[in-house]
Structure formats: structure tokens, C-alpha cells
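Got a structure for you, questions after.
Per-chain numbering from 1; labels A, B and C assigned in written order.
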Amino acid sequence: MPAVDLFSFVTRVRERAPLVHCLTNLVVTNFTANVLLALGAAPAMVVAREEVDEFAPIASALSVNLGTLDVPQTRAIRAAVEAANGAGKPWVLDPVAVGPLAFRTEFAFDLLDFKPAVIRGNASEIISLSGGAASARGVDSTAATDAALDAAQVLALKTQAVVAVTGATDYVTDGKAVIALSNGTPLMTRVTGVGCALSATVAAFVGTASGRDEFRDATVAAIAYSTIAGELAARDAALPGSFAVAYLDRLASLDRATFDKTLVQRDVVSG
Amino acid sequence: MPAVDLFSFVTRVRERAPLVHCLTNLVVTNFTANVLLALGAAPAMVVAREEVDEFAPIASALSVNLGTLDVPQTRAIRAAVEAANGAGKPWVLDPVAVGPLAFRTEFAFDLLDFKPAVIRGNASEIISLSGGAASARGVDSTAATDAALDAAQVLALKTQAVVAVTGATDYVTDGKAVIALSNGTPLMTRVTGVGCALSATVAAFVGTASGRDEFRDATVAAIAYSTIAGELAARDAALPGSFAVAYLDRLASLDRATFDKTLVQRDVVSG
Amino acid sequence: MPAVDLFSFVTRVRERAPLVHCLTNLVVTNFTANVLLALGAAPAMVVAREEVDEFAPIASALSVNLGTLDVPQTRAIRAAVEAANGAGKPWVLDPVAVGPLAFRTEFAFDLLDFKPAVIRGNASEIISLSGGAASARGVDSTAATDAALDAAQVLALKTQAVVAVTGATDYVTDGKAVIALSNGTPLMTRVTGVGCALSATVAAFVGTASGRDEFRDATVAAIAYSTIAGELAARDAALPGSFAVAYLDRLASLDRATFDKTLVQRDVVSG
């Protein structure tokens, strides 16, 4: 695969300020909105079944997160993904805690028919969604990401989505190419919503892209940008309260030279 | 208009700790509560249709924000504004994203019949609510505030509410007097909920006031206090994560001398 | 009562990372999750009636908070406490604003039949829940904690729960022993959700304990740990925005020596 200018997607986000429609969980709404604003994107949490149809054509992309799914939200999400598809807008699925909980797991499988552009989850979630048996205890990932690499490729081929498995090493695949990213810090797991906000960040990035190859590259760029910001923030602050603040500051200020210098990326399989 | 001692409203809030009943959106509940606590007010997010009647007489004021409106919330809001009116408590309307979305726009127009004491929005929202055609893409304001000044006056005369249009310059009008405020910082747009929390702050301030003239002055004081705190916080922190922290600290500590020295205010039309 | 090694519960939480199922209010979800993560526990906000049965056996403990109760949440909470009891997992009740609001007050009384392991509230809430008449104006406590000590003992004897009344002085009782704790800082009342997150912290601690004596000691340990972290954070930061950040940092880093040195505890009644 030829070298991709990943930072060009960051520049696009800052210049175009993509409006990201988020249907996400109750825990992370605020942090997700602040992450998107720090990036230069515009968050919009329009949640009612009555409004999502009308909002999809206005937004650049849709981010769906199942963290606190309930019945009214299933209706809003279904309407929103249909409206996004109708308007030709990409959407991202974050299948939080899919696997051990039947209600959300069935719903997540249903959503796979609605053509997500990207699916981003931890190893347990991606293994479960690909049809395998993962041992998860909810939002925690109990599997290392490389154990989910085969599952990610299977899921990408089955759904035609770009699939990202994130953890200590992050993998992004379109079913052919596999890119591995190794930036980040364990502190990103000590602040709630970092992973959920990353899915919304992927949505912001793919909201400036078109076609499957660009969706893949935009996903790589979003994860690289976020994990590099985290890695640098961990140099500013070693404890989770101040780390969360430093992370937002780094997301708002990370420049190309620092990004390129810090990036640790390799092609596992060249598509 | 004679000079008003704006800081006297700040002192009232700190001394009386007005209890502000907030029916707001899912993104900003936490930040709004922290802003109110920093000011010396007391937040109360009582959300159920079953409880709002009982709570209105206990609260000093009600703050209504339509950011993540859904059907159950429309019922709670309608009951809450009726109860507030019944108990003689002022309420503030923040018509988030009214204009492009029919469901909330119709609801917001219905609410105008329930005598809000203050309406605070961005230019697009105020233009839409006054019956004009604004081009908004949701929560973003795409119009400068001076373009909404006529609309604000029309809306104030029609509803008998004090109307505030906030942006780079903030305008407050009761349909006769128009006061312009020019404090603040663009960083206030990079943290989610600053505008929404400002509406709750207006509710805290009008919760210590009575009569339309005092509601107007209390609204001016609330906006002046918040934007000056923001302007000073931008001197403490240049990036959005640390700015949000500094903003809360400034809200909790801004004194009269600094307030008076920093205030940039002018009468556009003297009522 | 023999001296209890309170810090041993902190060590347990850090080593076992108890998964705490939280059904809490809309204002504090994010902060509660960050507090639990800072402690080394794992938060899980599974909210749907459809999912709580399945989740209870996976979690180590359940934390129930009535702050923004509505009808759907009453159904989820009732199912969750039954499932927790069925799975032998302890649960903690935080009866926010019980007393002045009939809907939640009736519901809270119903919940007493479902054997909470711990009830934590402010003085007004505990007095109300014990059947007395408190004068509360919602989330604020208007009574000093020592005025609620008798009520706490009555409630503990009636329900067989450990009861904690928190305020300037915190009391924990199982109906026989009464332990008083005097750490903390008034800044803890200037950040929303500190009290609510404390209840989830108690759940994390009792999630590593078994039997009523250990539940009592774990509750004392949770409150001591949180208030000492607050007291130390107040040395780092004197204003509420930066205090909230410092509090999370202290929760993540407080060590045994500092804990033991700072603890102010006395037995009021030795059980």
C-alpha cells in the first residue's frame, strides 16, 4: 500500500468542521462533544426518533454507540442509520459490550445489514460481532487485539465495512489491507469515554472522505491522531483527572511535524 | 437608561443560592450543574413528568433547554413551565437548534404562549423563533448576532420576554432598551455547554429578581459575568481542556473590582 | 470495636477491579465513571430494563441513585435490585432528594424491602427515609449530620442495611456500632456528583466484601478514602474547576502512608 498522508485528514477536519450526528451513551455525551470540538469538528446530539430523519442530510456523518441502549434508542438509531444511508452519509458503529448482553447483541447484528462505513470496537466486541465466542465482562476488553485480527477481517469482508480493533495495538482493516498502530498510553483506559469518543472522531474523519479506501485511511488517521494526542498528553500529566484535560488540549493543538515524528505504524498485510 | 449595578446581581446569587430547576439536554447536565455551583447557585435536575409540578414551588427559577428534546421531555417541560407560572417563578427558554428541525421548532413556538421571562439563543435560533428564515445547521449559529437584533426586538415585543442573542457581541433587549456586551473569548465556543449553561446562569440571576426591568438587568448581569469570566479564563489557559477548568475557577472567584474593570457594555437603544 | 485496616479495602479494589453496575442520574454518569476508574474499579452503566437481569451476575455490586428518577428507570432499578439479590451481589441505595418529592420518596420506601447492603444519603434524606420529617429543598441537605444520627440507627435496624450519613462529619452505622469520620473539604460540595460518586465508590468497596460487618467496614473505608482524597485535593486546588481535576488525581494515587496519616476517625458507639 502506498504511503498515505494521514495528517491531510486532520487538516480536512479542521477546515471543513464536519457536523457529526452522535447517538451515543449517557455516560460520554459531554466528553464526546468536547473531543469533537477540540478536533475542530461540530458535535450534534439529536436523539429523538422524531428528529433523526430530518437531521441526517444536514450532518456530515453519523456515530452510533450502544453503551446505554434502551428501546426508544433502538428506534432512533434504526431511523438514523436508514436516513444516513438515504442521504449518502457514512456512519460508524461502536458495539459497546456486545457479546454478553443479548438485547444489544441482537440489535448490533441487525445493524450490520445497514452498511456501516466503519465498525470500531475492542477485541471482545469485534470477536462477538464476527460470530465468534468472546469472554467479555461488559465494557472491558478481556482479549488482546491481535486475538481479534482474524475476526476483524472476517467481519470486514462480511459487512464491507472498515473494521478497527483498538487496544494496546490498534488494527484497521478493510478485509484486505491490515494496518497496525502502536501509539497511545494506558491512561486512555483510565478516563471514561476515550474509546467512545474515538468512534465519534472516526465519524468526523470519514465525514470528510468518500469511498472505501478513503474510509480506511481516514479511520487510520483518526486513530493515529487520537492515540498520538494521548501519548503526548501522558507526558503532560500522569494521573487520570489532569490527563483528561491534557488530552483535550493535545487534540486541539497537535501539529503535523509532531504527528509525523510520533507516529508508529506498520502494514501487517498490504491490500 | 440609568447605570445599573450589575455586580449586585452576582452578590444576590452568592448570598441567596437560588435553586435552579433545569430541564436541559443530555450533553450538558454535568457542566451546567458545575457552572451553577461555581456561581454559588444550587442546581436541581428533576426530570420526570411525575415530579416537576411538586418541584416548581421549591425552586427559585426554571431553565428549559431543547437540545436533546424527545416526547417524554416535552411532557415534563410543559408541566414544568405551567407549574413555574402557577408558582410565580420565572423561567428561561434556550431554543437550541430551533429552525431546521420541525419537532422542536413547533414545540418551541408552543412554549412562547407560556410566558418565558427570558429567551436566550444564538442568532439563527432567535431569528427562527421570531418567525424569520434563518440558515442554521443545528446548534451552530451561522448568522452574526447583529443580524438578529431586529428579530430579538420583535420577539421581545411579541412575547413580553427579555430576549438575549449571544455571540461575539451579545445583545439583550426587552423590546425597548437594547444593551450590547462585548466581553468573551472564542474559546467559549470550543467547550460544549457553555451557551446552555449560560441560560441556566440567566435563570439563577433572574431567580433573584422580580419584574421585567430587573429580569432585563439580571440577564445583562448574567451574560456579562459569564463572558468576563471566560475572557479572564482565556488568559489562564489557551486550549479548550484547560480552558474549561479555568472557566469554572473564574466563575467561582471573579470579584467586583475585576468585573467592573473588564466590563465592555454600551446602550444601543436606551429604553 | 477492634481497629480495622481500612486501607486493605482500597488494596482489594485496586487488585480486583470490581465491576460496578450503576443506575444513576443523568447529571453524574460521567463523573461517577471517572471516579470509579480513578479508584481502579470498573464502571458499567447498563440502563435498559431489558439488560439489567443479565448484567447483575456479571457485576460485583450495584449502585442505585434516584437523582433523575423517571418511570422507565423505576422499572430498570426494580429489576436490577431483584437480580442483584438473586445473584447474591450487594447493592447500595442513594436516595437523592427523598423527602420533598412524593414520586421518588414512595419508590425509595418500596426499595427498602429489597435489602440494600448500604444506604448513603445526606441528613435530610436519611431522616426522611427513616420515617421522620426533614426540611429539605431537594438535593441540598438542610440538616447537620448529627441531627440524623438517631434516624440512621433506626433505619439500619429496620432495614438491616449499613447506613451512612455524609456531611461535614460522616457517620456510618449498622445499628449498633457508629463510626464518625471528619475528613473532607467544603469544596466537595462545589462539584456536582461528588456525593453520588461516593455511593458508587461504596458499591465498589462492598463489592470486595462479604457479610454485614465487612460491608460496614468497607463503607467506612470508602468514605474515608474519598474524603481524604478530597481534603488533599483541596491543598492542590482552591477553586472548584481545578479541584475536580485534583480530586480524580488524588483518588488515583493516594497511598497507605498518606491515608493513615490523614485519617480522622472515632468510634461514637462501639458495636
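One rule holds for everything that comes next: a residue touches a chain if its C-beta (ideal position, glycine included) is under 8 Å from a C-beta of that chain, and two chains touch if they have at least 3 such contacts.
Remember, predicted model here, so these are calculated numbers, not experimental data.
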Discussion item. Tell me the shape of the graph of touching chains, choosing from line, ring, star, complete and other.
Written reply: complete
Worksheet item: If you list every residue number at the chain B and chain C contact, are more than half found on both copies (same) or fewer than half (different)?
Response: different
Practice prompt. On C-alpha atoms only, rotate chain A onto chain B and read off the angle in steps of 5 degrees.
Written response: 120
Practice prompt. Find the geometric centre of each of chain B and chain C from their Cα atoms only, then give the gap between the two centres in Å, rounded to an integer.
Written response: 34
Item to complete: Identify all positions of chain B at which a residue touches two or more other chains, and write them in rising order.
Response: 26, 29-30, 244-245
Worksheet item: Which residues, counting only chain A, touch chain C once they are in their complex?
Response: 25-31, 67-71, 97, 100-104, 137-140, 189-193, 239-242, 244-245
Discussion item. Under the stated contact criterion, what part of chain A meets chain B in this complex?
Written reply: 19, 26, 29-30, 33-34, 37-38, 42-51, 54-55, 58-59, 72, 244-249, 251-253
